[in-house]
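Shared between the two complexes below is chain A, which has chain B as its partner in the first and chain C in the second.
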Partner chain A sequence: MTRYLARRLVEAVPLLLLISLTVFTVLQLLPAGPLSIYERDPSMSDEDLARLRQYYGLDDPIPVRYLKWLTTVLRGDLGYSLVTHQPVARMIAERLPNTLYLMSTALLAALLIAIPIGMVSALRQYSKTDHAATLFSFIGYAVPPFWSGLLAIIIFAVKFREWGLPALPASGMRTLGSGGGALDLLAHLVLPVGVLAMFNAAHYTRYVRASLLDVLNQDYIRTARSKGLAERLVISIHALKNAALPVVTIITLDLPMLFSGALVTESIFAWPGMGRLFLESAFRFDYAVLMGIVTLTALLVILSMLLADVIYAWLDPRIRYT
Partner chain B sequence: MSVAFPALPLAVEEPAVAGRSQRALAWTQFRRHRLAVAGAVVFALLCLGAILAGGSPYDPNRTSLLARFEAPSLAHPMGTDDLGRDELTRVLIGGRLSLAVGLLATLVSVIVGTLVGALAGYLGGAADSVLMRVTELFIAFPQLFILILIAALVGTNPVTIILVIGLLRWMPVARLVRAAFLQLKQQDYVAAARTLGASGSSIMWRHILPNALGPIVVAASLGVAGAILTESTLSFLGLGIQLPTATWGNMLRAAQNDMTTAPWLAFFPGLFIFLTILSMNYIGDGLRDALDPRKS
Partner chain C sequence: MNSIKHLPLLGALLGLLVACGGTAPAAQPSGATTSSWASSAASLTPKRGGTAKVAIWQEPAMLNPLLNTQTITQIVGETVLEGLLQAQPDGTYAPNLATELPTKENGGISSDGLSITYKLKSGVTWSDGKPFTSKDVAFTYKVITNNANPVIDRAKYADVESVTTPNDTTVVVKFKKLFAGYRENFNWILPEHALGGDTTIDKKDFNRAPIGTGPFKFVDWKSGDTITVTRNENYRDKSKPYLDGLIFKVMPSREAAIQAYKVGDVDVLWNLTEGDLPELDKISDSAVEAVSSTRVERLVLNTSCPSGPQQGDPKCPHPVLGDPRVREAIELAIDKKALVDKLLFGKAAVATSVIPYGWYAPQLQPAEYSPEKAKKLLDEAGWKPGADGIRQKNSVRAHLTYSTTTGDRLREQTQQVIQEMLKNVGIEVEIKNQPSPVLLGSWAEGAPRAKGNYDILMYTTNADLDPQAHLYNYFAGDQVPTEQTKSGRNYHRIVDPELDKALNDAAATLDESARKAAYKVVAERISAGRGHIVLYNRLLIDPHKKYVVGPKVNIWDNLTWDAQNWWLNK
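Showing the complex of A and B:
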């Protein structure tokens, strides 16, 4: 297992290098670049800008700049914010855990919704339940998370308060002035997690249904049934584990979608996560922070693909850890 | 000496089948998918509304401070916004940009995806693996982050938005086209064309491509829904097309400030995004049933 993991890790390195090289090159080719923040400042003269270009080595060819950037990043140095002058790595480290709370809870909730619905849908194909589940996922696909977020705030925060019902908090992670605590955090998680989970659950339901239907048509399921095994055992022993394989893969491939969803959700619910930091930096043209977050997000996506490989190997004994 | 073949009974039924083109068959199949037809009708109405929005008695950008935050009524079926502008007119006008960006960005992604997929599938070998690695690289990337970055640094005119959304969404098309080309290039008519001396590009574009149109159309219809969602997300975050030009996304962004006083402002633009995406997805579903030979 250790060797398998090590090999997968080594294989992930070129992919990561390639992604970072692509992103870096594209961003350098854009008409606007690291100096956007200064170019928009009317008190900066052209000579000042030229001096800055020279100072930051922006006149060097792209490969040279990429190597410089890479060696600095590999030392864990993501540079300094052009606005707050704090180290980018520290700014991200403050926000990243909040995003991970939000994403992991939403992922868990989405799976808890999608797996039972998808299973029932597949086991009773073309039944009323199946049609209802299909409708649920088509609607879930089409409701933009930012719209369901606004509607959720209007109903559960604004209207509930008007009607005298217990309203849910609609912004931030903690109630200001209160001591905070786990319950308070949980209350703040409900709406953003609900919105993010519904959007993803709509997609996951389809994957679970398709994958289980596929497995149920296999010969070994027919064999299990014809040897007289109870249907419940056919499903739980033979079908589910095999149906889980493709679902794991597709959900990992969908992780960028979860990151994007988290960014939108953080923006609606004023969640102090990395996505919000990214947006704030975009409005301030804080190039160093933007570049740092993009790099880190790419790294996280690749690491989670790696994790999926490990889960895959664990679920499927046909894969040898060599 | 001539041998008289007995007439095959099958030949008798032929006239009933003859004359029905591939397109007519697909159309019959599509019409059977009731939800897809409903989707097509709704989408046509949305487009019609956007086109005819100019006929509204209200000016979408004229403010009227006396008519702020009016609740939906007969005169203003969707109420008025924070500057007293008629919400219905703005939603319909906003549809113009949202729909145009969605359709044109999809056109960009279909062109790029078809090029990449066709080259990978037809050439095979090293070219195929390089192109497919590039495709996977783009899939692995959190697109919204790149999109925001480019929108923030380069600016947000509609052309930039269309190009960037299009260039970040071609991967599903490329994979489908590649799969279709891999399969089609083994067909006898391709071998025949090659024997007759057709050039590589002529085989790819004139002989194989027309037969791969089915999956491309399906991918495109589903792509439009995704592109519209992407555009409205970007506008909602404040990095898309800027006010006062209305898009569904930036109208929802503005509505965030008035959720207690005027909740309807947060409802209608979102409803239109929802209807557009829902109808496009059902159209795509119906097209897949009609055009995908594997599914029938």
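Showing the complex of A and C:
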């Protein structure tokens, strides 16, 4: 197992290099760069622009610039944004906790919704409950967060206020001008988490249902039942553990989202997270920040795949890696 | 949850945001109107205390306006940082950190006009209590001229020979040659002590957490969320600011900002568009002042070849627009009044010149609207209607592309109306819009505007309170963009020696009346050349709740220019 882990980690290095090189090159191929904001300003002269390009090394060929970037990153420094004039690591560090609050709560909520519904759906296949759950899944999956988000804002923030009901905050993480506090944060989490959880619960439900159904049709379940084991025990001891395998894999593979955040939902609810940082940086051609986020996300994806494999082996003793 | 799942949406959002980011360089607020509630509230005695919350739908990249061109950087930055002079709502300059405007009479301007002496207010301190002196002005000049700093607007200092400080309250700026726009200089003064005397400020934390002489003092910046400034206890006017502080709330979009304003999460909104007016009118406790701004929406007509080896060369005339009579017919065919009435709720002004306001603004007559005259003119010029009603001359069809930035509803509506109006006189236009960064990008980016690869463009731009730099850059004959003059902005590519002469005359004197006369000639030549056909003045809309008393619109400065006078009446 140790050897296997070591091999996977070593294999990850060229993969990461390839990803970063590709993204770096593609970004440089865009017709605009971090100085675009200055290039479009009539108050910047050609000489000033040329001076800055040279000062920041933007005229160097792409391979030279990539190597510069790589050596900086290998020293543990994510580089420097030419747009905000501050270290990329600091920019990410400012946003990361906010995204973690949002995404971990949303993941937890999605699982709390999806697991029971998926189980009931599978155990009562083709019942009314199952059909209702299926309908819920399809609606949840078909309604994009940008729409459900706006709908939630209109109903719970705007209309509730008009009707004199306790309205929920629709933007940001804390009430402006107040000290904040845990309760305030929780109130601000309700709507964005609700929207994200709906969306994710919808497809997690399908996985739980499908996976449990698959297991329930296996011979060993029939054996367990025929030896007279109580149905409750059949489900909890034999079925659930085996059904958990693919579900755990899917969830593990989704873990990098805790870092990368939710682009659309964060934008709608003015949540100051990583998704919005990525979007804003893309709009201002802030390559350093984009590279930082993409590289870290790629690293996390690779690590989470590895983690999924490890968990798989731990849950299913039949699987052995060498 | 997974950002990849949302990628298709990114395209749509991109379009939206690009439209918001827009072309307009500086959205500048205005003092042309004051509504009745404001004048009645003005008689009340201002109350101290409270915090005003301002929604901004763009996050500044930093808070040092010397290094960043974003309007939003200025809006937040100018609550903290100040300059020697400040533009007033009526289009004049007033002293800010200086005690008076330098003139020949008070000895502030030398007889040859090459030396400007500023007297500084004494007893002014930075928000940390350290004294503000002439040394800080000299230090700021060194920062500006330091090649390692990405300073914008450096061209304004190109003719400065030296900045000297005979004593703590006197600054003498010597010029190598006459610079009529000197009053636009030194609009942001930096503290020497807070930057440790180091003039390389590119990577300083100061850019994010500035220290200034202004009414407010920087407190904190929660990335993507809020920027908070609080009352500067060391401000020179002890009775001000009235507010305890300001919170700038970063919203992801204008729509979200309006929602937050509607439900009362914020008190002040920044930079809305004409299309938002009907929705704003529904908010009962909101004071909306829609003021005609300096930003003039215009058609820019390419008079040079739009393609081929001589693309963008003024010597190669455009097959259709190269004929001045066609350009005149286009202006005659457009009913500007109808555009304003139908699309801008009658609230904007029909534009008459590219420089509508300011001390130099000439009074020009609105262009005539007469489709009949337009048709007659085209007939005379040899453009005869073909079978489908579209005119032709020597088998060239009067077919033009008409481009503007994508995602701007007002512009798209304007396009459709103008398309109809031009069709009426036999000119066919094909709408071909592109995102703002693509259409209006730089020479290096190969943007159609810079390269001359277009027929008609529509966008907004504006001149500053000193119009010389803008007018020269956009209209002088040597500013046609080429490999040598990449940053030239004579995109319509008309070379007019008379216009060039008037521009040079305006720059050759500090005498305001002589400069005003020269700018009248400039404006008339631009109107006659019709490289730019002005349509309407865009509205400036910065609404605030009625209980926020004091904000006065200043089209020459930004929303927060007078934040020290704001107070809460609740």
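As a working rule, the second predicted complex is superposed on the first by the 239 of 322 C-alpha atoms of A that agree within 3 Å, B and C clash if a C-alpha of one lies under 4 Å from a C-alpha of the other, contacts with A are read in each partner's own complex, and residues count from 1 in each chain.
FYI, a residue touches a chain if its C-beta (ideal position, glycine included) is under 8 Å from a C-beta of that chain, and two chains touch if they have at least 3 such contacts.
Keep in mind the model is a prediction, meaning the values are calculated, not measured.
Student: A:158 in the overlay: touching chain B, chain C, both, or neither? Say first, second, both or neither.
Tutor: Both partners, chain B and chain C.
Student: Does the superposition put A:272 against chain B (first), chain C (second), both, or neither?
Tutor: In the superposition, A:272 touches chain C alone.
Student: Quick one: chain B or chain C, who's touching more of chain A?
Tutor: The partner that reaches more residues of chain A in the superposed model: C.
Student: In the superposed arrangement, does A:295 touch chain B (first), chain C (second), both or neither?
Tutor: The answer is neither, since A:295 touches no partner chain.
Student: So in the superposed three-chain picture, is A:283 touching just chain B, just chain C, both, or none of them (first/second/both/neither)?
Tutor: Once the two structures are laid over each other on A, A:283 reaches both partners.
Student: Of the partners chain B and chain C, which touch A:15 in the superposed model: first, second, both, neither?
Tutor: first
Student: Looking at the overlay, does A:52 come into contact with chain B only (first), chain C only (second), both, or neither?
Tutor: Second partner only.
Student: Which partner chains sit in contact with A:121 here, chain B, chain C, both or neither? Use first/second/both/neither.
Tutor: Neither partner.
Student: Considering only touches as defined above, state whether A:259 meets chain B (first), chain C (second), both or neither.
Tutor: A:259 contacts chain B only, not chain C.
Student: Just checking: does A:143 make contact with chain B only, chain C only, both, or neither of them? Give me first, second, both or neither.
Tutor: Touch partner of A:143: chain B, not chain C.
Student: Give me the intersection of chain A's contacts with chain B and its contacts with chain C, in residue numbers.
Tutor: 31-32, 36, 144, 146, 153, 158, 260, 263-264, 267-268, 278-279, 283
Student: Spell out the residues on chain A that touch chain B in their complex, using ranges where they run on.
Tutor: Answer in residue numbers: 15, 18-19, 22-23, 26-27, 30-33, 36, 138-139, 141-144, 146-147, 150-151, 153-154, 158-159, 253, 256, 259-260, 263-264, 267-268, 278-279, 282-283, 285, 287, 290, 293-294, 297-298, 301-302, 305.
Student: In their complex, what parts of chain B are in touch with chain A?
Tutor: Contact set of chain B toward chain A: 133, 137, 139-146, 148-155, 225, 229, 232-233, 236-239, 249, 252, 255-256, 259-260, 263, 266-267, 270, 273-275, 277-278, 281-282.
Student: Contact residues on chain C for chain A in the complex?
Tutor: 1-3, 6, 9-10, 13-14, 17-18, 21, 25, 51, 53, 59, 61-62, 67-70, 147-148, 150-156, 202-203, 205, 207-208, 222-226, 247, 249-253, 256, 259-260, 262-263, 265-266, 437-438, 440-442, 444-446, 469-470, 473-474, 485-487, 489
Student: Would you mind writing out the residues of chain A in touch with chain C in their complex?
Tutor: Per the touch definition, chain A meets chain C at residues 31-32, 35-46, 48-49, 51-52, 55, 80, 83-86, 91, 94-95, 98, 103, 106-107, 110, 144-146, 153, 157-158, 161, 167, 169-173, 176-177, 196, 199-200, 254, 257, 260-268, 270-273, 275-280, 283-284.
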